[in-house]
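My structure is below; once you've seen it, I'll send some questions.
By letter and in written order, the chains are A, B, C, D and E; residue numbering begins at 1 in each of them.
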């Protein structure tokens, strides 16, 4: 089992390092990493991690900026990540934190790290323990901010 | 005949369980299930259900959040689901309930379950009784809220 | 020569029946029909009509709802229809009438039928008499509402 | 060398005829033409001109309407044209004039013809004299309305 | 190692020449260039540089205009560039400067050149020194305007 990590120099936290740290707490797997300039470079980086470096699942880590043009970039990257998955039949867990989700640099750093850690655990579950996710189906899980919970208590 | 069910931990009702319950009322078919974190993970989950687990048709069940970014996620997931269908020549019935379609948690839970049930029946018809759908062509069918009916009474 | 007809149970006029009636007035061809729940199910339905049921050209008939979310659905369906054409090298004539193009149910029913009929004729011309379309190039043709005509009279 | 011309009956000037006239002034090449109802029919028409009728390069000529829905149609057509190029490794020169770019019918007719002529020359250069384009790199060329010129005079 | 350069006659600075100059300062590699009319012509130009002219990585250089329609063109081009990468498993570094990012022609010229130079260096690193990018992961790098730096100082 090999997990790929793709991240960017644009983000303001070393998301790749955080993801690797969290994965290592939960699973003994091989890890391949690719760092690219920005989020629009992630789709092919992920596909190369799968097809050229043998990864079974990949995490795509990025921090879109906070203005309108950045939201469009995030949209384009997301579409590319979905396409890369369909071309390879492998899951790519997208972990994007929009710069405007946090009220200041401190919260931004916290959110970037926290969401990365929670999705790293999702990646491990998808790859190794898929029944764990099925048990949590429909329970209003969130990554970073608190879970919302099921609609019927 | 095998029907695939893909759902999420993000949704606030166990849509997968509801779909399976409804399908079993109408047809004796094999069922494969895959639960993923969010709606953007659904396209490849559905494609894998078709290509790796032998499903003839799949239901993609999700609950997009209620703010602008969530609508974009839903759009990306929908495009991916359409692409997955075109790559496999199999139908994937998308069942999305936007969190802001309901006025409170109680109505949300009801709508998530009701739309899932009505589309589960659509999936069964598409797979086993396509002429049933042809008979209902142009009759203003809706899933969840009431049917609108034909424009000419 | 075989023409495929894909329509929906969501629409409020039996567009498939109208299209078949109009095609039969102009050409003696085989017809295959597939009715699906909504417009997002049309792309793969059309592709299956081409690849599994031998159609040379297809009409995709649908009525998107009148609110913002419906416009996005129509956009997703349209992109899928274009992709299905590129994957098959066959024309798929999209006939969409947005619910908010008409002022009431009566006009909606008229428009759904009229646009379907005029595009059915386009489908016949594309399949059998392509030179007819070339003769009308740049003449401001419309389907449903009146033609606009050329910019220079 | 064969150049394909795809145009529409929706446009209000015979753009195909204009393009063919202009190409013939600059190059002695074969020409194939396909006229379709609207701009969303152009992507597959262009792909067929390349793959079934042997064109080396294609011009896609269209006039999107002036309201919001038309802009979405143009967007969908453009995405399809880009995809058709990527599937064939051939250039397709898109020549779209939005109905609302001109202040009246007379200017619209002029703009439709002028932009078509200038892009016809671009198509000839791309196909036969690519170094001509390289010489004009970064010089602020426009098609139809006047060139803007380089940012540094 | 061969680097491809695709640029446009629409831009207002000779971005291709700038990129080639910068690449030559950092690496001794082969260079192939293709100049096209506008940014929507870039995706297939890049794919041809990879598949027909043997480039290992490509820079796509363009200057979208400053109005709404131009932003849509940029979006379409970006999607095409991502798709071209996924079809070839090669990186294409997109360098777009929107005309409205600069306050006047002088700043526009500076920004077009500066961003091109900084991304040319990214292209060299991606192709030859990928570990350099990994060292800069999460450090808030920007191209053109000043770097933002990490969220935690």
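The rule is short, and it goes like this: a residue touches a chain if its C-beta (ideal position, glycine included) is under 8 Å from a C-beta of that chain, and two chains touch if they have at least 3 such contacts.
The chain list, named the UniProt way, goes like this: A, B, C, D, E = Riboflavin synthase.
All values derive from a computational prediction rather than experimental measurement.
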- [ ] Using the touch definition from the top, list the chains contacting both subunit A and subunit D.
- [x] E
Task: Magnitude of the superposing rotation for subunit C and subunit E (Cα, nearest 5°) - done: 145
TODO: Please compute the C-alpha centroid of subunit B, do the same for subunit C, then give the distance between them in whole Å.
DONE: 25
Task: Distance from subunit D to subunit B - Cα centre to Cα centre, in angstrom - done: 40
Task: subunit D: positions in contact with at least two other chains - done: 79, 83
Open item on the list: Touch as defined at the top gives a ring of chains. Read it off for me starting with subunit A, then subunit B, then onward.
Closed with: A, B, C, D, E
TODO: Note which residues of subunit E are touching subunit A in the complex, please.
DONE: 71, 75, 78-79, 81-83, 85-86, 89-94, 98, 119, 122, 126, 130, 133-134, 136-143, 148-152
Open item on the list: For the complex, give me every residue of subunit B touching subunit A.
Closed with: 7-17, 33-37, 40-41, 43-45, 47-48, 51-52, 69, 72-73, 76-77, 79-80, 83-84, 87, 105-106, 108-109, 112
